[in-house]
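So that you can tell them apart, the chains are marked A, B, C and D in the order they are listed, and the count of residues begins at 1 in each.
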């Protein structure tokens, strides 16, 4: 596979450029008999959609998804599901200023060198706009996981620059434009973002994602461990520079007696492992964190070069998110959902009865 | 693929349990015409091998690898390469005490639940002993990358518990049993490890890995970005709980103007990105870091349960590494080598002339 | 992968039902820098298109393909190519008569049993209408193969029922509605088809496909030999029941001294092997033949059963090809092109210089 | 994957050259909890083994397979299964006469051109000796299919040169050295083979393989239809030049009214389709046929060329099968078993309850 697919049994393949005709994807391997319609996906697409708050880009895209195949009379048929989102807000503006310019921190230079040609309009394929299709496909996975297995997946912004969430209230996440679980910090966030916008700069962020209700047994040792596959899926989101499972980098200075999660007949006493042991889900909540870099699309001038071998100063104007971490929240959920869905099917393939993966031994 | 393979064009598939008959692997897709013999692999196997210093497990395995196919008259033929390491130090001891016991922090419980059966001897397939084959396969990739493309890969221990390397001297890494690049800390490390052994506990660590000489253009957007694939490979190493590319989690509190690597005709002014932009190698050194958890095999007692539904106290005696991070150094190199090798071939498949991926535009 | 993809480095994934909203596909791995537009595909789509002669179904579909991504300013960019054909002639007729009926010889029964649900309109996903996307993707491969490597692929109808082509004139194939290479048989074909239509029955056919200019070296032993991959691709065309390479089933009664193709410095003396030795292309023309069954959509009554467990008589009326082999000609070309394209890229991945696969040794 | 693997969920990867150190394979994805030991494989290995009758090559290899991993206390654990057969009869003879010679009809020329290097001893990787590992892996699949699902797979020689089986008595197949189901032809076969040996020539053959007890629902449209996958697996056997499903090439001159298998509540009235409709198993026996070319290793002189660009006459002496079709019988069974096993797991992945694939609708 040449890079635009993810998964082995639940396979998502995407296409589309930021300012091309349309974005699309094919979901191959979705079980038949699941109720599905566009509204199931639209909710998450709207959460990711630009232009919904003053903290994100002003680009306005309705991002309306259409199901083109694989669903008949309201339910999946087991055949490949085609999804399409037409690009509507492709301002036919003049790109001559960036056509030959390699914006620092972007993929302009690497795409040009890799392929010898690139669609420079809005970043082309390297634009985060591509993630809209991941969110759509992830919504299908989320629906199945929840409906058939009771698995729920929720992400939130756990840190924006210096501002950390100190309490995690899942009920608050959808109540604010930051997907932030600590309401005591909302004013600070608002103020921080206003100052940031004035300065024309951007900021990094940390996003956390949690899956509950995951049965014991998902993950395929040794290379396709569940944690390895989650790392692959999350690091593959634009702007992500780090992935942690459970305690993540805190383990570097932990003792074994401190880190290991003790077990009793009442269950695990803690969840330092983040729900994965030996690459296989343990039945505890799966917990992952990602580091999102600050976008390089800022109005602070920076030095760069052109395709014709000249030095140039870059100033990015226009519609850009000062913190791409915010809109990454539904994307992180989608990617985790796709991985869990795929591994649920992979586990099912090898094991006669997937229900045997519910804890039959030991713990209450 | 059911989990024991990694790669698309350079594919490594492994088998073997800790106390089984043998470990083995098949490398499929290695280019023909490369000089290869057992000694090429043995060097790295010896670096990973247990029993080489007082800081690692006392299990003694010669770990002698044999090439069974794919090499003729000293060079690769393009056909699949079979590698084998026979297990010699499988002490036929009595395992009845751990047969039904789920050691906390180990994969005992999850393997049992996933498969309904497990080889409990020494952790079976979940043992880090399995990584010997990754090191052997990685050595093949390393040789090719260095010989044909001048790519070099070096890993080191950047932190052990509270002790951080403050200077990185690549020349010192192989001169001490810790693979530590900061000689001023060697005494502190020695003392820390002696105290740790006395306490019967273990400690986490951070390992860093760097590849130099990587051409521009490796990595396949969007899901198989080079950083996503590196994350997959490194998170798939036993005990890894976090992966960073470049600045990693430091980006959370970075500004865009601070993070982006400016460019001039003299090249990049910095390498916050860790050598990857938009999922594609930029020609700068590729830099990754991993967090290694402290092993759960410690003599400090801990609560657990048995397969028959009873609570039990676990004390692990015997031969175990107090810091598994040390021996992870050659494993991290091997995994990065496998990923780069695979992506070199994938890039070559799609692009008419791989040499076009050397920087033809712009920078000196 | 769950079945809707073909290829490893040049990957084609399709979606779409006969009477759904649209058909589509994603081509992943197409090399960058190739000139491509809709017209390149439309020619072959028109050759496959129904309603073009009195010998094929009267269903009228313009089958206009749109490129949605992966092409910029007239050339491929190396990113995934999205293609779409909207269904226009989906007569919103009453399907209640076939909703619960399993037409004999069709996939109705097996789809229902496999998935528990099916889109019964026009056969849904099992309709040969799905092959339109294969033809579109194949046209991309054909263009690349011809332009970059001088490889040409031509198929023809070599037999229709009892009427065999006895001379093969490639120049005549496109001059008649049968894609038949022997003009002396055209009147007989016309008469045969008229009689067949009157009887309401259908007939089988044999299609042959030849690729010239294929370099030595394509094919990956041992499982993905070029002949095995061609067999996979051709047997995967609707209604195909047999695949031959070179002499095919004639070898059963051949002697070794008769079958083997002798070599001299002037080249091979014959081509019984059909251009493939040991699963690898030999530089000779690649020759394959397929057997196409007669369609089961006929007006001759036949016994069957219903989903509710009753026996029923089936009479298929409406727009159907009396010989599906005719329209299979461009499909066979497309499938062979996809396989050759994929193997060209796979070969290139492993071998430093694809040009080394041109005959450097021996023959003139 | 680079060619040495087959399957998606039940994956078999092989290595080994004819005169190398050993042959081996890894089975990845075998369900846990299945009783397995070496004897399960040895039976089929012995059926394929050379030197067992005067009709096959005199090379004597015990072909003793060892299980190296994935089996614990007599049952599979769900981890990868490593298998090994050491080569013992590698006569260290002088190969200088064939080192630079391209034997006509063999893979010598294509391997040399593809890889630039080859193991010329006994054909190296292109030798049919490689199929021993397929037979071993196939035996694992056969055992699972029979034990868990009651699926049985039997192949036989249906034609040897001009001599066709006219009655198919499955009970006779294992009673003669030809795997021939028609005892009335055994004398004729014996006489034919004696004459053939005297002439130093070889002959083609046809092998048929039948699977009974296959549930409805196996096969993944559209590219990985069950028939397409069977064609891939069978055409991938050395010397195969044609594959048929059901009536195969006879369909070319069949009418639709003749070919389609009518259905009643008593089941299908015939099996022209060979047990597959729309690429999905129908519950009827799966029937396939393959054409095996006559081996090119004959003592009849033939013209060829050398790697140094000279013309040469080739006479193959030594131990060779005059009809490779005979020993292909267990190989064909193995390949069909691997395909069915893989598709059973693939089907199970997507469908909640694999038992739903037993005929719940309609027929008795």
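Everything that follows uses one rule, which is that a residue touches a chain if its C-beta (ideal position, glycine included) is under 8 Å from a C-beta of that chain, and two chains touch if they have at least 3 such contacts.
Just so we're on the same page, UniProt names per chain: A, B, C, D = Chorismate synthase.
Only a predicted model underlies this, so the values are computations on that prediction, with no experimental measurement involved.
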item	value
Chain pair with more C-beta contacts, C-D versus B-C	C-D
Farthest chain relative to subunit C (Chorismate synthase) (centres taken as mean CA coordinates)	B
Distance from subunit D (Chorismate synthase) to subunit B (Chorismate synthase) - Cα centre to Cα centre, in angstrom	38
For subunit C (Chorismate synthase) paired with subunit D (Chorismate synthase), centre-to-centre distance based on mean C-alpha positions, whole Å	26
Distance from the mean Cα position of subunit C (Chorismate synthase) to that of subunit B (Chorismate synthase), given in whole angstrom	45
For subunit C (Chorismate synthase), residues that touch 2 or more chains besides their own	1-5, 8-9, 14, 29, 32-33, 78-79, 114-116, 125, 221, 346, 349-351
Interfacial residue positions of subunit C (Chorismate synthase) with respect to subunit D (Chorismate synthase) in the complex	1-6, 8, 14, 102, 104-107, 109-116, 125-126, 130, 159, 161-162, 201-206, 216-217, 219-225, 227-236, 238, 240-265, 269, 273-274, 277-283, 291-298, 300, 302-307, 309-311, 346-347, 349-351, 356-357, 359-363
Residue ranges of subunit B (Chorismate synthase) in contact with subunit C (Chorismate synthase) within the complex	8-9, 29-33, 78-79, 148, 221, 345-346, 348-352
Subunit D (Chorismate synthase)-facing residues of subunit B (Chorismate synthase), complex	1-5, 8-11, 13-17, 20-24, 26, 28-29, 32-33, 66-70, 72, 75-82, 84, 114-119, 124-125
